[in-house]
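Next come two complexes, and both contain chain A; in the first it sits with chain B, in the second with chain C.
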Partner chain A sequence: MTVDAVRDIFRRVLEPDASSVGPPGVGAPGIGADSDFFALGGDSLLATRVLSAVARECGVELTFDDLLRAPTPAGLAGTIARTIASVPR
Partner chain B sequence: MFRDVAVSLDPTVSPDPTVLDGFLAAADAHPGRTAIADDGRSLSYAALRTRVRAVADRLGPGPGVVAVPAIHTPDTVAGLLGVWLAGGAYCPVDPAFPAARRQAMLTAAGCQIRLDPNLGGHGGAELAYILFTSGSTGEPKPVLTPQAAIGAAVRSVRELFGLTPADRVLQFASLSWDTCFEEILPTLTSGACLVFHPDAYAGSFPRLLRMLDRERVTVLNLPTAFWHELVGYLRESGQPLPASLRLVIVGGEPVRPARLADWHALPTGGRPRLLNTYGCTETTLITHAAELTAAGSGGSPAAGQVPIGRPLPHVVERLSAEGELLIGGPSLAAGYRGLPAATAARFVTVDSARFFRTGDRVRRLPDGSLVPAGRIDQELKVRGIRVDPAEVEAHIAAHPAVGAVAVTGVRVADHTVLAAYVIAAGPHTDPAGLPASIVDHLRGRVPAHLVPSRIRVVERLAYTATGKLDRRRIEETLA
Partner chain C sequence: MRVVVVGAGLAGLTAADDLAAAGADLTVLEARDRVGGRTHGIEVAAGSWVDAGGAYLGDRHTRLHALLSELGLKTTPTTMTGASRFALDAGGQPQTRPGRFPPLRAVALGELFDRLDQLATAVRVDAPWLTPDAATLDSLTAAQWAEQNLPHRDARRFFPLFLGELMAADPATVSLLHVAFYLRSGGGAGYLNAFQGGAQQDRVDGGAHQLCQLLAGRLGQRPRRSGRLGQRLRLAEPVRAIHQDGAGATVHAAGGAYHADAVVVAVPPLLADAIEFRPELPVRRAGERTGRGCAVKVHLVYPAPLWREHGLSGWSLSTAGPLLSTVDDSPPDGAVGVLTGFVTGAQARQFAGRTAAAQQAAVRAQAAHLFPQLPPPISVHITDRLTAQYSRGCYAALFGPGDWTRRGPHLTTPHHWVHWAGTETSTEFFGLMEGAVRSGHRAATEILSRYQPAGRSQ
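Up next, the complex of A and B:
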């Protein structure tokens, strides 16, 4: 899974609802390859969406701790690549 | 469903056996059964009782309030029951909280075995535990729960869940919140098995579902926000629920009608049984429950009404003229330790009976069950945890570069996160660096759920005529 693909997942998960009742102007700021999921407003609940999307899109089942250790698109893409490499196909 | 207040609080009625008595009776009846399964290891009722006695022996009689690290291990359960056997009160402290917060909790909880006599009402009642809720002053509010309260609540919950020695109940909730007692205590007083497993907390639904299947879990108690995510995963992945699962309980915030419809549309249909529950730390575990059947459960999910249902047998329910839900009966806490004003504001006397003001507005459906209808104050639910925005504001306002602050909830991806709007203290503050500096400041003082996910530096904030922050008008100031 590429860094861009992980970044897309972050973007989908962190995008506020269109029906948001909160104030405007609090949308997720720009998400780069080195943006920290938790600094962007991600929490443990939103993390389950990232982990489910990763599992669905590339079949790798990561945990909350994996995301805590590598909370950026670049970092998580690296974790995914290493997990795939370590599993005999 | 109005019970006679005078009867339910009559002191001549012999008290329920305590939860500890219930555990010891279960250990006598089922010494060889598994009390706790922990990732492949198992602890029998007899072995757990031995550990509980060892904890009590080590503490000695009458240890007062005992702080126990709140971590997901069988030792924590042995610690809880051991503190009770010694005659003490249990106070869980999450080691992940900042040191300053843990110290504030220990100080606020104090070290005494009896309830404060000046709290009134339940003087002399044995204290079971002290848990904390969000307080507007920035300090956590210690809730004093008597043994009689947890005894009454556990008895109702055990009957509601229909627990038998054949059940295997997952331990999921954080050991800092009272939901964990809903998992632990009805289970260990029924001869059933409590299941600990690291995959419960891994945040991965595939792992969770495989573990539930492997461990043959029969009862699953989830925060509503987490259950919403699980339903979304089940629908998208097409994965089945484990066949062993007979009961799912949710609670903590209103159930979303769309997610409930998704649940009933799963291939498993009406199985397992789904219970929506409601309760506050101050009224002990849960006070209301609704069976959410596919055929409709009194409410009209399509109209945005998922009921919290009817009061449990031990609960006295009352609605104020403003629609606020008041709870009475034996499961009320004794009050907030050391905070007589806060106690008097929330624990009130109506028709000579004691009630807790929940702050939750409700509506009664024609069938008598209740549906949530918002708050009477500013309190928020973040991942199922009660947050008073004023508490977060108090901590942010203590940052030297902050002139004023307003905290509110915003919806991100279907759930509530905290957002803070701050005005810099002076023209010399760097607005770009302020949010990160505030996060650092908060991380040293408060638990993670009180750190806003979004922080924005603004020019001005709205105030009401009385000079209070007007959170409802924040939008206007940002427009």
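Up next, the complex of A and C:
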């Protein structure tokens, strides 16, 4: 999953009203690759929705602690990539 | 214009305040020997008041904030920093975790919140009975929905705790349409659940009961245009019947009959339903399946907020109960430490049936298990009276299957000279103090716009 795709998930979860009108796939203007989800106003409830979206979109189940350790789009995309790589195929 | 207001809770007194300001000749009839209804302060230590009823508010609760500042009341933030305690496995030891997130599968909870969000987004919040598929949504209980839609065990485990905390609801009795409506009405699950930035951000410094006390005081000070003497507010005056004819209404209370050009009934639906109306209401205000909501607040008082010294926020979540959650409600001056425990939903019904001694013992045992690092509380205050006779539903009535589709369209429709207020008549912030305030303003506006032009002659 790309950094932009994670940014898009952050945006949909944090700004639900914007996601219903904005075109998908366009990164959110206020959300950079290194923006911290919790500093952007995300809380634990919204965090679970980031994780369910990640699971839905790339089949990887991360934990709440994964997001706490890597709370940015770049960080989370890295975690996702490492998790996929570590799964034996 | 003579107006009788039935019920001196936040809704009734807000309506009365607006009507008195506009010059109406007003009488407020209250069943209890105090004002405030579901807001109620108790003094847990000299000068330290806590809320046994409604307590928390957020920035979106704009009418409540306006009222607070008009009355000179301040708010204080709810503290929520530090780690939480979780007792989610029967028999196991509680665990400490950073923040508020329970040790459950995050993806399972995320799916739960995604689904709840879909339901809430689809609701026609101003008229839930017009929601697409309203009949189906209103035929299911939340428990039936969870059974069919939540594949993960952790989501099924968390759902009752969440509904209990948020709405004091037992999933087995509340309508799914009501849950969806409630979430939307309160600003979404995220807003309703959050402390900072959400509906629990602040409390009223010194207690929310002060709102009604100050409103009642102001009512007594307003000059009466008619020049007649007499008290505007009558306590211990339960209303039993309202009879109406072409000329107006007669409100029959324990202590006498009151004639009025208009009436505001500002009591919860199950109590409005206990009033005899002549002519009868087209649809009853509550029915067999209308739930009472059940919440018992427990205050554990410590010499100081000692949990903070252990890096704990005071927040905890337990599946076994009786306290399903606890939160730090210490007064800002730090004179004492207060943990508020919530017993809600099915737990509350069981708990309320126990003796006072058994309740105390159960709470103290649970506190010792959850917070072994703390000394025993100095005192434990248990308020289940609020669920009693003149509230019948805490935090608010819970509409059961069929209620919204049958009763919804009549929720705010005047019955001849009778207008409706109360938090359960507000489609905005239903069940909350904000909803009560908004409903009071609405009822007053309805009456003033209906009668004012003719009343100008004086």
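We adopt the following convention: the second predicted complex is superposed on the first by the 75 of 89 C-alpha atoms of A that agree within 3 Å, B and C clash if a C-alpha of one lies under 4 Å from a C-alpha of the other, contacts with A are read in each partner's own complex, and residues count from 1 in each chain.
In this section, a contact is a pair of C-beta atoms (placed from the backbone, for glycine too) under 8 Å apart; a residue touches a chain by one contact, two chains touch by 3 or more.
Only a predicted model underlies this, so the values are computations on that prediction, with no experimental measurement involved.
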Query raised in the report: Can A:Asp43 be said to touch chain B (first), chain C (second), both, or neither?
Result: both
Requested in this report: Look at the residues of chain A and decide whether chain B or chain C touches more of them.
Outcome: B
Report task. Examine A:Glu15 and indicate which partner it touches, taking first as chain B and second as chain C; both and neither are also allowed. Result -> first
Query raised in the report: So, A:Val6: does it touch chain B (first), chain C (second), both, or neither?
Result: neither
Report task. Could you tell me if A:Thr63 is touching chain B, chain C, both of them or neither one (first, second, both, neither)? Result -> both
Query raised in the report: Thinking of the overlay built on chain A, is A:Leu76 touched by chain B (first), by chain C (second), by both, or by neither?
Result: neither
Query raised in the report: Between chain B (first) and chain C (second), which does A:Leu51 come into contact with in this model arrangement: first, second, both, or neither?
Result: both
Requested in this report: Once the two structures are superposed, pull the chain A residues common to the chain B and chain C interfaces.
Outcome: 16, 41, 43-49, 51-52, 55, 61-64, 67
Report summary line: Per the touch rule, the chain A residues reaching chain C in their complex are 16, 41, 43-53, 55, 61-64, 67-68
**Report entry** Residue ranges of chain B in contact with chain A within the complex
**Finding:** 201-207, 225-226, 229, 232-233, 236-237, 383, 408-415, 417, 419, 421, 436, 439, 448, 453-454, 456, 474-475, 478-479
Query raised in the report: Which of the residues in chain A end up touching chain B in this complex?
Result: 13-17, 19-26, 39, 41-49, 51-52, 55-56, 61-65, 67
Query raised in the report: Hey, which residues of chain C end up touching chain A in the complex?
Result: 98-101, 105-107, 109-114, 117, 121, 188-190, 193-194, 196-198
